[in-house]
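What follows is a pair of complexes built around chain A, which joins chain B in one and chain C in the other.
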Partner chain A sequence: MSTEISIEHVSMEFRTPEEVKHVLDDVSYSVTPGHFVSIVGPSGVGKTTLLRILTGLTQPTSGHVAVDGVPVKGSPAGLAVVLQDYTRSLMPWLTVEKNISLPLLNEKLSKAEIKERIGASLEEVGLSGVERSYPWQLSGGMQQRVSIARALAVRPRLLIMDEPFASVDAQTRFDLEDLVLKVKDDFGITTLMVTHDIDEAVYLSDEIVVLYGKPAKVRDVVPVDVGASRSQIETRNSQRFADLRTHVYAMVRGLE
Partner chain B sequence: MRITKRLLAVLIGAWLPIALVAWWWSTSADSTNPYFPPLATIWERFIELWFSDQFLINVVPSLRNLAIGYALGCLIGIVGGALVGSSPKATAYLEPFIDFQRSIPAVATVPVFIVLFGLDFEMRIAAITFAATMPILISTIQGVRDTNLVQLETAQVFHLTRSQILWRVRLPAAMPLVFSGLQLGLQIAFVVTIASEYLGAGFGIGAFTLIAADSFLILDAWTGVILMGLLGYVINIVFDATERISLRWYIGQQKLS
Partner chain C sequence: MSTVLERRTVRIPPALVTALVFLLLWQVFTMWGPLAGTSVPTATTTVVTFVRLLGDSATYSALGQTLLMAVVGFVIAVVLAIPVGILVGLSRFAFLSSKFTMDFFKVIPPIVIIPVTILVFGPTIRMGIFLVAFAIVFALAIQTAYGVRDADVVLLETMRCYRLGIVKQIRYARLPSAAPFIAVGIRISASAALVVAVVAGLIGGAPGLGRAILLSQAGGLSDVTFALVLLLGLLGIVVSRTVTWIQNRTIFWANR
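So, the complex of A and B:
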């Protein structure tokens, strides 16, 4: 089910007529199959650029990215994404069930199998009975759940999330974080997430990659050793959690 | 509640037409001017003419021409617009021509189609189709060209093919804009339907009205004018209803934001 991702000597430059913007400089990192990895760093450091390279939407200026040893050209097979902007990422003219089955168009599945996948995905994210609703009729948190259900419906081997919880309220955010942990336990999908929220990164991840500098380099890779099972109250109150969070925070702010 | 609200809205919108008809009715009541007969007399003749087989002879052919021409225009405009709009190169090559074309009134192109197709059915269909196509083509090109990047990249990442992205993402996303072109196209197509009958047609609502006026059958000509107005109005109502159903997702979304 899970997938190895290797990022090797990736550099990225954006050329405009006025200047050359050097965003990523010789970034190398390997994601262990089945791991949940967060990428953190100061705003504008190039986190999203790195994700776009991994999804095949952008080609790096040099270096390369491989998924299970296969160099990424276009979107890798078995990839699913969850984006921050769920109002645009979900198609407003399609009902929830049609949105979820959109990525299944090219998989040779029967109608019954598709229906089964829709039902199972919605159940996994705790949203049943909204199949015929339009996304915009649901709350932000529910829309992001639909977006996660859509990602799960393709039975992905690799899940990429770009600030998935940045546009929902704090309470919903905790719920969605725990949902993502449940998905991780249930399926063990290799997951890469970009986030601004360091607490969230520590809470969810097996490993945190800190990008820092202009151009950005991998400042550090921090293994998160707070135990395999996480809880919003105990994990977040543990000393180890506080230490890790302080450590990562200091690096993101350039204090360490 | 919703029904009474709707009714109130209709009444508020209807006061001016009702007032104008009442004014026309009363001021023309004693008219002896042969060019401006009393509205009551026109109405009598209207019932007599258009609730008879004249409807089949003159109205049905016009509506049939409009339906065929408009349907072809929709097909060419939407399919062509989607293909052109999804390709920056095709847009660059065709846009100057389309911009030039849109500045020519559709009615003015009728003589060109007479030269090409003669004075028959084919000419009328071609002229109506062409008139309907242009605004639909233009709005579809615009709508498909300006697809939201997040929608586009989401579809790409989920491995939809280029043609799936075009027909299942870019075109549906463009529908609100496409519909504004569909409405304009329908209005212009209706005008051209009538105008195309002014030359060489023996029947059809436009031909009937023109022949009646030329033959000093003033009363008949007036009923023709009124009928055209009513037809245009009914066509618009049907269009609005279709739009409301097709764009339910868009209207609902707009209401919430």
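So, the complex of A and C:
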């Protein structure tokens, strides 16, 4: 199930008639199969650009990205995405079950199999019973759960999340973080997440990649050694958690 | 919570109140007011004539001819405009390229081309159909193209990430996004179709209610003229209410 991602010497320039904007400079990094990796850095540093290159939505100016050794051209097989703006990434004209089953159109599944996948993924995110609802009838947190269920339904080998919890309230955010930890324990999908929230990055990740500078380089790769089992209260109160978050925060702020 | 007292009060449809006041003012103005003794008939005369016309088969054949021109012209316009609008909307170049020409034809009032259509078709039903189709096809095509272009980038990119191809993007994202735009176009077009079908008779001499109005006016039967206008007004309301009713059931997500 798990997938290796390699990013080799990736540089990215955006050319407009007025200027050339150099966003990423010689970024190299490999994601260990099954790892949960967060990408952090100052606003506008190019985190989302890097994710877009990995999903095949954007081609890098130079360098290579590969998933399981296969160069990325277009969206790699086995990729699922969860984006920040769930209201724009779910379809208001489709019910929850139709939204979840949409990516399954590519696979030759029987009706029973599709139904089974929808049921199982909604159960995994704790949302059974809303199959026939429309996304806009649900709360923000529930809509993001639907996005996660849609991602899980394709049985992804690679999960990419772009600030998945930035648009929900604090309490819902903790719930969704714990949901993601559960998904990680259950499936061990290789996951890359962009976040602005350094606490969240430390809480969820096996490893944190810090991007910094203009153009951005990999400033550091920080292994998160706070243990495999995590809890909102104990983990966040541990000394190691505080040290890591201070270290990462200082780098993001350019203080270290 | 309504109380028993409130429930007992007789509910008068608010629309009826203004309509009755209008009829009353009409009656007063034409009997004793500045319009007394002119060719403007009283409200009661008009209503009596209206009822008499409802019993006359000639009314229904004129009504049928007008509706035939309006409906066939409308259907032709819809069948042409929506596929063209979709194709044009899919390509940025096609959209920008064709917009000027379509805008040009859109702003030509149908009345202006009546002399040409009489030369080509004569004062016939076919001329009325052409005029109706011409009057709405360009606006509807532009409206459709706008709708297709309006599809949310986040939604389309989410679909690309899930490896859903262009056909599925059209089916599940572009078309539903365009639906509210097309609906507005259709609502306006349906009313316009009726108006133009009448104008085709009134000015172009095509058969139907327009010509009936023209003939009654020429024959000095002002009560018939007014009764026919009354009939047209009511017909217009039926058309627009019907279209709205259908839309509220098909594009439910747009007016939540």
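In this text, the second predicted complex is superposed on the first by the 256 of 256 C-alpha atoms of A that agree within 3 Å, B and C clash if a C-alpha of one lies under 4 Å from a C-alpha of the other, contacts with A are read in each partner's own complex, and residues count from 1 in each chain.
Assume a contact is a pair of C-beta atoms (placed from the backbone, for glycine too) under 8 Å apart; a residue touches a chain by one contact, two chains touch by 3 or more.
Quantities reported herein were computed from a predicted structural model and do not represent experimental measurements.
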- With everything superposed onto chain A, say whether chain B and chain C fit together or clash. clash
- Query: Looking at the overlay, what does A:Asp85 touch: chain B (first), chain C (second), both, or neither?
  - Reply: both
- Task: Considering only touches as defined above, state whether A:Ile118 meets chain B (first), chain C (second), both or neither.
- Result: neither
- First, second, both or neither for A:Leu204, with chain B first and chain C second: neither
- Message: One more residue to check, A:Val218. First (chain B), second (chain C), both or neither?
- Response: neither
- Item | On chain A, the residue positions that both chain B and chain C contact, one per complex | 55-57, 75, 77, 79-81, 83, 85, 88-89, 91-94, 102-103, 105-106, 134, 136, 154
- Message: Which residues of chain B touch chain A once you look at their complex with the stated criterion?
- Response: 148, 150-151, 153-161, 164, 168-169, 172-173, 175, 249-250, 252-253, 256
- How about chain A: which of its residues touch chain B in the complex? 55-57, 75, 77, 79-81, 83, 85, 88-89, 91-94, 102-103, 105-106, 134, 136-137, 154
- Task: Note which residues of chain C are touching chain A in the complex, please.
- Result: 152, 154-155, 157-164, 168, 172-173, 176, 179, 253, 256
- Message: Considering only the defined contacts, which chain A positions touch chain C in the complex?
- Response: 55-57, 74-75, 77, 79-81, 83, 85, 88-89, 91-94, 102-103, 105-106, 134, 136, 154, 160
